[in-house]
Structures are given as C-alpha cells and as structure tokens.
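Both complexes shown next keep subunit A, but they swap its partner, so subunit B is in the first and subunit C is in the second.
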Partner chain A sequence: MAIKPQIGLEIHAQLLTKTKAFCSCSSESFDAPPNTHICDGCTGQPGTLPKLNATVVEFAVKAALALNCHINERSSFDRKNYFYPDLVKGFQITQYFRPIAENGSLLIHADGRKKKVRIRRVHIEEDTGKLLHSPADRPECAFIDYNRCGIALLEVVTEPDLDTPKEAHAFMETLRNTFRTLGICSGDMEKGALRCDANISVRDTDRGLVTARVEIKNVNSFRFVEKALEYEFERLKAALLSGEKTVSETRGWDQGSRSTVSLRSKGEENTYRHFPEPDLPDIVLERAWIDRIRTTIPELPMEKQDRLMEQYGLTMAEAKTFLDEPELETFFVAAVGQGLPVKAVKNWLLGEIQKTLKERALTIDRTTLTVARLAEIIEWIATGKTTTHIAKTLIPDLLENDISLEQLLSEKGISRINDSAYVIEVSKKVVEEHPEQAEAYRFGKTGLLKYFIGLVMKETKGQCDTSLVQETIKALLEGNNIEG
Partner chain B sequence: MEIWKNTVESLVRGIRDKSWSPRDILEAFYKHAWAADSRILAFIRMPKLSEISIPDALDSLPLPFAVKDNIMVEGFQTTCGSYALWNYKAGYDATAIARLKASGAVFFGKTNMDEFAMGSSTKYSAFFTTKNPWDYYRIPGGSSGGSAAAVAAGCVPFALGSDTGGSNRLPAAHCGIVGYKPSYGLVSRYGLVSLASSLDQIGPLCRSVRDAACIGNILIGKDEKDATTVDRPMDLLKGIENSIAGKRCAVVRQSVPETIDPHVRRAFWEAVEIFKQNRCVVEEIDFPEERYAIATYHILVPSEASSNLARFDGVRYGFRIPEESLTDMMAESRQYGFGEEVKRRMLLGAFYLGEAQYDSHYQKAMKVRRLISQRVHQIFQDYDVLLSPTSLFSPFRITENTDPLAFYLSDKNTVLANLVGLPALSIPMGFANGMPCGLHLQCKPFADEMLFNIARAYEKSAGFFEDDHYPFPFQEERLWL
Partner chain C sequence: MKIDDLLFHRLEKAARLKVSPEERSRLQADIERILDYVELLNEVDVSDLEPMVRPVDLVNQTREDVVAARPFPRKILENAYEEQDGYFVVPKIL
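Let's turn to the complex of A and B:
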C-alpha cells in the first residue's frame, strides 16, 4: 500500500496540582457550581500578576522524564495573544520559545508490536474558562464559567510518527496510563482532563504526492480520535486519488453524522503575536533537583506491561487490561500473592468480574469482593462444591453484598447443586417426558445429548454441574445403572 | 507655618512633639486640598473627610497620601484615567498601598494621569488636564501629573506614582518636587495596572530627598505576589547625610544636546558646579548608543502594552457597548473606551509583535536593549552616578503641543533608567523660564542608597531650600481668593 497517513498529536493534560498554575485557587472544580473557584488573579483583574505554582514544574519534569525528554535547565514563559471571552487576560501564558522539555520518545504497543514515537516538545500552559452558549432557560445568553481558567496544562506534541489511527489510539492510551502512573493527570477524557488535537496528512509515496495537513480539534475520547482519523484518512485518500485539491484546515468530529466537519481554514487563523512574558522570571532547574525527581518516578506502564507478561505469563492483551484498570491489577497481584492459581484468578477478573464492573461503572476497590472471597469461589469450584456457571451468576451479588458464599447460595435457593439424587430425579423426569427423542438418541442421534442437558439445566434453573448432568443423562439414555 | 507646607519628616516630628495631632494634619491637608484642587485639577476623586479614618499617632507614618489612579486601593474606583475603567472598583489593595496602610498612612484620593500612563502631560487623561501649580496654563508633566501637582501644591505631603519611562521624574521636574524611580524589582508592582511590565515601577513623589527615602523604605521589599521583585533589603536613609567627596559623576554629552532649552542648560551646568564644589569628579562622556534608547522604548512599551491592555474587552468589567455579537461588543467597547493615544500605541504594539515584524522590530529592540544595558554597566564600572537634566525643556503650555512625537521626546533622558532597570531620581535644580526644572541622577541597579546620598548632598548644598522650607507655587492670598 503506497498511500499512507502521517499523524501527529497535540495532547493537553490538566495537571492534578491542588491549586491553579498561577494563583492559589483550587483546581478541583469540575463539579463545583460556576465561578466558585476564582480570584482576582484568574479572572484577570487589572493589576494582578501571575505567580508560578512550583508543583506544576515538578509535575512537568516528571512527565518529561517519563517521556525521555531532554529537560531544558532554563526555560521561560511567553504570551499567546488573542481575544476570546473565556480568556481573561487577552493572552494565554504558555511556553512558546523555550519549552521545559524537548526531543523525547514514548514506546507504544500497537498491532502486536512495539513502536517508538518521538516527542517534539513538552510545555506548561494555562487552561481557559468554559463558555455555555444559549442554555435552555436563557437561550438569548451566553454564560462564562471561570473555574477552569488558569488550571495548569501540560501540552505534549509528537512528531508525525504515527502511521495509523490505531497507533494514535494506542499512543493516547499509553500516555494516559503513564500520566496516571505518575499521578500528574486523572486522564478523564470525558471531564476534559485529557484533550487531543490530531494532525493528519496523507502521502502517496509512489507518486510523491501529499495532501494538505488537517487538524482535528477537541475530540473527547480515544475511540473518537481513532474514528475521526479513520474518516479523515479515507476522505483525504479519496481526494488524493481523484486529484482533488485539499486545503489546510481545522476540522471537528461530529458524532451524530460520524464524520468530520470543517471549522475554519488555516488562512483565517490568528497570528498569536507571541512574545516573552515579562511578569514571570525564567524557570531555572538544577541538575541535582532533576535527578532527585528522577528517583521518584515509579515503574511506567510499558515497563510494567512487559513485566506482567513475563512474570505471570499473561498475553499482551491481558497485561494491557490490567494497565488500563489499575484497581484490577492491584487485586490480581494481591490474589496471586496469596498463592491462588494465576489462570483462575485472571479468568475471573478479566471475565465475569470485569464485565459486571463495567456494566455498573464500578471499580473493584469500591465493591465488597475481597481476595479471600475470590479464593473461596475458586476453591469451591475446584472441590466441586459449586459450578463455574453458578458462581458466575453470583458475581453481581458478591460485588454488592458482604455475605458469605454459603449464605448467598442458600438464600438464592440453589443449595442442591451437588446433590446427585436431585439431578437424577430431574433427569429421569425429562427423559420420560420426551420418549421420542430418547428413542432417537438410542438409534444413534447422539447429538441429542445436548438437547437433554439443556432441558435439565432449564428445569433446575442452571444450578447443576454440567458434567454431572451430562453423565447422568448419558447413563439414563444408554440404560446404565445409575443408582449405584 | 501652615501645616500643609511641612515635609513628611517634619510632620511626623510634629506629631511626636505633640505640636499637632494626626487629626489636625488630616483636616489641614483636606481643607487645603479642596481649595487648591479647584485650580489645578489634580484629583480624579477624593473620599469625604468622614470616610477617611484618623491615623493613629503611634504609627510610624500617620499621614495622608494621594495615589495615581492606576494603583489599586480596595473599595475605591481605579480608572487609569480612562473611560474603559470608568466604573471599575478595586477589589484589593496593591502591595504598595498595603505597606503604606500598615505604616499607618491613610488614603486621601486618586490623582489624574495620562490614560493608562501613556503620555507625559496628563493631556491624554480621558477626563481633564491637570494644571501645573506654578502656572495654570502649563502642563504638569506626566503621566503621574496629578500626583506631582498634588504634592507640589501642598494637597498631600506625598503621593504615589508609577514610572515606565519617566512618568514620576518628568512631572516631578516640571512641578519642582522629588520623583523617585526605584531599581527594577525593588518595589512590588502587584496592584499596579501594567503598562509595560518589564519597565514599570511604583515610586513616591515627595518634597524632599529625605522624604522620598523615607517613603521608599516603606515600599521596598520582596513580594510573593510579584515574581519580578528581588530580596535586596536596604535602608535609603542610612548614610544619606554622608559626604560625597570623591564620587565620580558622568555627564553623557548626548543627554545635553544642542536642542536643549538654553535656560535649562544653564541651570544644569550650575548644578554640576555644585558637585564639583562637593569635591566630586565630574567628567563628560560619550554614549552614542543612547540615541537608540527612545526608539527602543517606543517599540517595547507599545508591544507589552498591547498585550497588557487586551483584558479590557468589556466582558467581565469596565466600559461596555452592548452589541448583537460578541466580536462587535468587544470591538466597539474598545473603540469607544480607549482614547486616541492608547489606540495608537496598541496598534503599533500589535504591529511590532506581528509575525512579519517580530524579528525586525520587537526582537531587534530587545537586542538593542541588551546592548544598551551592557554599555551602561560598563559606564558604571568607572562612574558612580550619571547626571543630566530631567527634561530638555520647561513644561509646555497646555494649548501648545499637539504632536505625539514631540511628547515622546520629553522622555529622552528618562527612558534609559527603565530600559536598564536603574534607580533614578529627579530633584529640583532651580528655575528656568520661570518654571521649576529637574536634575536627573541615575546609579547602577540596586545602588539606591548611594543615589539618595548623592542627591541629598546636592539638595543641601544647592541651597534652594532651607530645612523644611520648600517653595510653594502660589501665595495663600491668591489661593483663597
């Protein structure tokens, strides 16, 4: 395939510092009523001056170290000037000329192989306020909420190294996991804590042609980033093949029509009149301080993924799930640490338990399931006290009620599962009620065994051990003595 | 002698001696200020006497003071001399104000200024032009013209101004008082509405050098709220009376050019003689790069100002013209909220910062600024102080000058201190053309103590003023007509 996309990402991550980047307002304001986390500084009152929050620098350096960047011992702030009501000062404080870190890389797993994505730069800036256009009760108005204004952002810009939308997705995920591991960003895309702008152009290597570069702005989930890029790739590819001229523009993803729509062409864009911020001195970092921060960097997701695969014999996909769900991973490590079989634990966690958690939007640490109870389940199954099937049906209850397995089973009226007499009784009844099928089986239509098992399971509400039922039915139909 | 004719020092002494109570002082100044202000229009607004709390005699500075209207005083309007902020009420105290209040001083009124401190006459105030107390038909200088006129006329014992290119020193020279621009970073700018952040400094306007040192001592200090302040503790009164024998003074030839007013020139060389009498070494030097200072200044200031004033968009506060669309609302509010000079400078600033001009204008100006700074530091390796006239001319008549470029040149000798961050003082050096004129002294950064020592020595020897007897522009009879 000679036609390839070339993708680069610009990611904005809200830093989890307690206070905003340049004032002492709380930055934990996502659910707060509008304009309750503001001060003279972050609403741009005349005469106020920015004061840099030291933790922002620390977090930025952590990110830069995790992304293998060259950290500039001297970096500085600049102003990006433009008018918009959510921008209180008429400019945004950012790092344009001298960012805090440059020339890094991040290793990602995509399509089953590892790939190194180069990072062009990492820099600190401040977030803007939020505009609420024409709310239902006041359609003629626009409201502005400045709670978000001034929250510290870290912008990460990649080189155009990503070759597929899938890789873009993988990069975002790896970056989010890295930032979560570092504890510097919540990574909640739906809350806007992580935002992505993607740049894409399409190349025809055979003919040496390339389309204009398109920027896709503000997509709020990994999946939509991938979808938007896929859509844009097809659109640009078609244009390239038909010889149609493409324009450099900014587009947005429209979930309704599952397509991208043009927002503005690059020609209409502002020039931002960047110049050095005179109110803030340079950030000067000492090597020794950077080295001290380096020692606080925990094991990073990619390293961890490799370790999980090696240590527990997990597949890449399994290890990745544990990376994405750190609470599950903690549980897994604790369970295996207590000597439970890796295979059983992982099957339970990544199977029924994860499914149920997802349905209820829960994390495992916020449920009543403990390692001890999972151990109990595994043991009961191993010793035949219950069946996998039944245990699965119990999972939702085990997650929400702090009662013992025994109690739960008796409460649900499913205590007879291991009672072979009961199984035989039901099986006999079923066989007697279906003489024609029983006859057909005896004449060689052995596939009907499953039919009978199904009937028994239905009758017993699925509470029986399938293997026990299978043995019993087989014996009955083949006329073997089953009582003894 | 009337109370209002006293300096800060003698007023404080009077309170200690129980000659006067803080209430006597406050009332005397208030009464005089109302009468005088009707002639000179120095104040934009004064609180009622009942709104001013009586200072505590036990505090170190129980005196009233006036404030240029671009410095925040909590609960009081701050207009910056502009319609753009005609209704803006400050929600907090500037650090400088908080420090003065902590010393016991009481806020006494907001003074007129060129709109957003852009100008050197107060003619660019959106409201009215302040008159020079020595001649009502002349400008007081600017942009801190209101503060300077108020001090010169005896409305207050001292006032605060801001200095971006000479805005404290030029009106001080024109009104015959002392104007101080501290080294950049000594005084917090928090609460000062920024014109050009990398040049702005707050400083006092006083009647004597010792008063300026006394107020300077209160203002100076590192402030957590202003990241550009430095921790350089100093005492401006320490050693202020020392002999200055042996000090090396330089006169830059370019700062006394051919075009200077001959009377100002004569006054200046007379002043230089006094330094020689004090056994200082005075040498004339060449500083060819000085000629680029004013051009550099007039690229950097509009550039920074265009960004600093972007927040006045009518969205959150200030002047707003309601319009259908947001863009129109912002554009119209700025169109009618700002005056001509402000718009002129903001257009220039936006132009200089534009992609096409950034390298050839802003970037180049920054380079020249560094070059000038290096050269100035070289000069200060050989000399202790630079002497020059503060202004090349006596104050213009109000109706006389309407050309912005001519006004830009009034800052010729003063912008250097802001570009390099030097401490500078303008002190009275006699009269020329019947109007006061000022001597300009500059030392190397953070040599503010030496600057005051040298200025005080000159003030003593010049003999214009006997102890605590400073000349006032108008006779009492004239005033009370």
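Let's turn to the complex of A and C:
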C-alpha cells in the first residue's frame, strides 16, 4: 500500500528594494517606530495613485530567470479585495491574471538526490500592515503599524511536486539561498522577510483515495514548516486509513503542543473579487533588457554546490555546509588556493573548527585563525612535530589568540611524546593492569582495542600519536615481538 | 438592489459609522438609488468586447527606487479613529 503526501508551497519574499512597491516610502520597516514610514499613497488616501518601483521589476525578473521561468512579455496588476484592518485601501495590489513569470523549476538536493520542483508562477504584490492583537494594556483592541504596508513582495508558487516534508524544507532553503545570492531578499525568517505557506493532501494510490487539501499558514521557520507537514501527514494518513472524512481548512503550527490547529475552514473563506488595477499600466518587457539582466545573475547555490563537489571532490553534505557557511567556504578556497591539501583543510574546517565556531556562535572571519596558521597545524602534524589529538585541543586557543603553534605548545607545556620506548612502557603497564580484558581480546572481542588505546591516551594525557599507540597495543595483545 | 436593515447594519459596522434613525432611512434610499443607477450598465451587451481597463494605453510607468519621505505620517495618524503610542487603534479582531 502506498500512502503519500503531496505538498505544494507558497513563499512570500520581501524584496530588498530601498522603497516600497508603489510609493517612495522607505521599506526598512522592521526597526522603525510604528507608522513613521507611511504616506498618503500606502495608506490609501483618496486621490493618490500608485507608481511602480523599477527595481521591483528588475528583482522579479532576476528571480524568474534563476527559477528558469517563462517571463511574460506583458504582465499586469490586479486588485484583491478584502476587508481587514491590515489593508488600508480595502484591496491588495497583486498580479492575479497575468503574473510576471510562470512555468519554471528549481533544482533541489534532498535525501542525497537531486530533484526538480516545478514552479507554477512568480508574481509581484504588496505587503500588508502589521497587527498587534490584544496588546497587554488594551486587550479589547488591536494596534496597527502600516510601515510594512506596501513593501514589495515576490510570491513564488510551486506545483504540488514535493513528496516529503524534508523536500519541502530543502526547497525553502534552496530558494532562500538563491534569493540571497541574487541579493533580492534577506531571507530573514524571524523578521518576516521570508514567509512560507504550505498545502498538503495525502493520497492512497492503491485505493485511489485522496484527502482534502489542508493549508498551513503563518509558520516562521523552515524547521517548523517541516514539523507541521510531518504532523499533518500523520493526521491525514490516519484519517484516510480509518475512513474518517477530512475537510479543506487552514491550520497553523502550535509549537507548544507540537501540533497543528485549525484556523478556519474553507467555507469561511473570502471571495476576493479580483479585478484589474486601473491605476497601474501594464509591464512590457523587451527581450534585450531581459538578456541584459540575465548577464548579472551570479553563480547560483545549486550550481555552486555541484561545482564544489566536482572541483574539490567534496561530498554533497560537505559542499552544502560550505554553501550554508560562506565564510568557511571563503577560507577553504583560500587555503586550497595556497596549495594546502584539500583533505586536511576540509577535515579541519568541517571538524574541530566548525564545532568550536558553533559553540561560540562565531564565523571564521571573526577569529584570529588565518590560512597561514592552519598551514602550520597541517605541516606540524604531517612532519610529526605534533599530533592531531593535541592540535584539536588547541583549536579554541588558536581561534582566539594570534599566536603560533610553537608558542602555544611551549606556553602550555605540551610536547608530543613520540618516543616509542615510552609508549611501549605505558602500554605494557596498561595491559598488565587489565588481564581480564586482555584475555577477552584474545578470545575475539577485538573491539576492546579501542578501550586499551583510550587507557593509554588517558595515562599520557593524550600526547601520544594514536597510530603509534594502536600499533603497540595490538602487538602486545597479540603477543608479537615489539622490542625488535 | 434592496438595502435591508441587516445589510445596512453591516455597512455601518464595517465603516465604523454611527447613523441616526432619520439619517438611516435617507441613506438607505440613497444607496439603493445609486446601486440601481449603476445597475443600468448591466443592460449593455458587452459579450463581444475586449474589456478595457484604462482609457490610455501607457506601459512601463515606473519610478527610480529612491526614498522620498513625505511630511505626512503624523497628519495621517491624526486622522485615526484612535491612536496610541504611534499605532492606529481598532477594536479587537481575533
């Protein structure tokens, strides 16, 4: 029996233009005092007319090109009418009948494979005001801030091509990275610069059954969208199996109860009475202009990920980490560019260094670590002047102090013990002190090798070369001659 | 079109207006007359015509993306039914 979800996404991205979509108010709404970036235009005062921001068109075309869309030669604006205080004019300007672009696709990497997700449409619209429901001192009221009202949004609608919540997550992430690379959206979900609505239905392909379509709205992180979709999949699947009737509705994610809750059913939905916006002339785009915009499109995240994998022999996961952490990638490219071995650089950056950076919520460009210092570490290990183990313990210091490895080692009084006689001495002692384990090893519990290595490392405060210790212990336990 | 008391009440509420009983009957009749007048347009057969959205055939009327702060924010806020801490205040919605 095959029971599968079918997921589609609608993503709203605030465009990084300096002004709003149809008036010259600043679009930096987030930290501004309420209602300071408003004018007669975006508050819909009688007699005012909208005037389209040229950069909005340019950004929309960039997005459309990156999403492999067909760009419509002529597109136009419409009014979506509804009555709610977040919208002063009583309608939202959008592109309903003729969007700027349609029929595109975005390539994503999910579950270790590539997948093409079809884009149904990309269109320009304006953002709404922000409501503050029932503020503490005035629970009987709502406060409204219209700074956000009129900010340019790009809405991207996918076909229901996503087969798992994980794929939905990967799509959102790829789209965000793409828009960031294009410089058209900050992608900052906490600030509402990127918002995602998801719709899901579940089908039983064997019995030819399908549930009602549920929309999930107002979720403010990719992770929560994924969680909400996982929850909805299970809920709808259970309903499908038990024969329970499902309803088309809008649901929200409640992080407290880790479940989705019904916001409204479709019956209560507005009819928006879309009609053409008479105050805004159509947009007509020339091929030559579009081609010029095309030349400004930089290497996109998925292309870059593929290139990193090919050029440096990275795995998909490694390439993705560099994609998500541009500072780390810059460092990597610089280090490899200076002739350091790819494998060592990658292991250090994606291992101990990234771990320490995460713990300290730092990016590598804000530390004292330089390519020269990393080169020093790699060289010292390669020439046996220190061990990987010791170097790892020094990473936090090397990120915070501009100090050479040599200085640091002497300051800390650490020296590499590569005297094999010493290693043999300690190893012998350890084996003698644990006769039962040694016996068990000889009877086939070879996993105990690690246990003995651990004991030696502890005894020598981790200053020995692990491979030397391993060799020695193995030889001892297996009764081979080690002195000669 | 008939504007009955129920519909009138909804309009009154939506527009946040308080209308006296005398005004009400006058307004009800006015709105009905206006709607009937517009209704005349439905008598014209437009089935073969391409809809015309605007009388002039302009395209690409855009402006540069440059901030021009208008001196109005304060004035607009002063028009609010109620204001507090720089916010427009409306009755609770949720």
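Some observations on this one:
Definition applied: the second predicted complex is superposed on the first by the 346 of 484 C-alpha atoms of A that agree within 3 Å, B and C clash if a C-alpha of one lies under 4 Å from a C-alpha of the other, contacts with A are read in each partner's own complex, and residues count from 1 in each chain.
Methods note: contacts are C-beta pairs under 8 Å (C-beta built on N, C-alpha and C of every residue); 3 or more make two chains touch, one makes a residue touch a chain.
Small disclaimer: the values here were computed from a predicted structure and weren't measured.
Model built by superposing both complexes on subunit A: subunit B and subunit C clash.
Measured by the number of subunit A residues touched, the leading partner among subunit B and subunit C is C.
With both structures placed on the common chain, the touch criterion links A:Ile119 to neither subunit B nor subunit C. Once chain A of one complex is fitted onto chain A of the other, the partner contacts of A:Arg273 are limited to subunit B, with no touch recorded for subunit C. Judged by the touch definition given at the top, the superposed model places A:Phe83 against both subunit B and subunit C. Look at A:Asp282: by the touch rule set out above, it reaches subunit C but stays clear of subunit B. Once the two complexes are laid over each other on the shared chain, residue contacts for A:Val57 go to subunit C alone; subunit B is not touched. In the superposed pair of complexes, A:Phe91 makes contact with subunit B only, with no contact to subunit C. Of the two partner chains, both subunit B and subunit C are touched by A:Gln45. Superposing the two complexes on chain A places one of the subunit B stretches 364-372, 382-390, 436-444 or 454-462 into subunit C: stretch 364-372. When the two complexes are laid over each other on chain A, subunit A has residues 40, 43, 45, 51-52, 83, 85, 142, 144, 278-281 in contact with both subunit B and subunit C. Within the complex, the subunit B residues that touch subunit A are 70-72, 78, 80, 85, 88, 90-92, 94, 189-194, 196-198, 224-228, 303-304, 306-307, 309-313, 315-317, 326, 330, 350, 353-355, 358, 362. Within the complex, the subunit A residues that touch subunit B are 40, 43-52, 79, 81, 83, 85, 88-91, 142, 144, 271, 273-275, 278-281. Remark: subunit C residues 14, 51, 53-54, 58-70, 72-73, 76-77, 84-94 touch subunit A in the complex. By the touch rule above, subunit A contacts subunit C in their complex via residues 17-19, 24-26, 33-40, 43, 45, 51-57, 74, 76, 83-85, 131-134, 138-146, 276-284.
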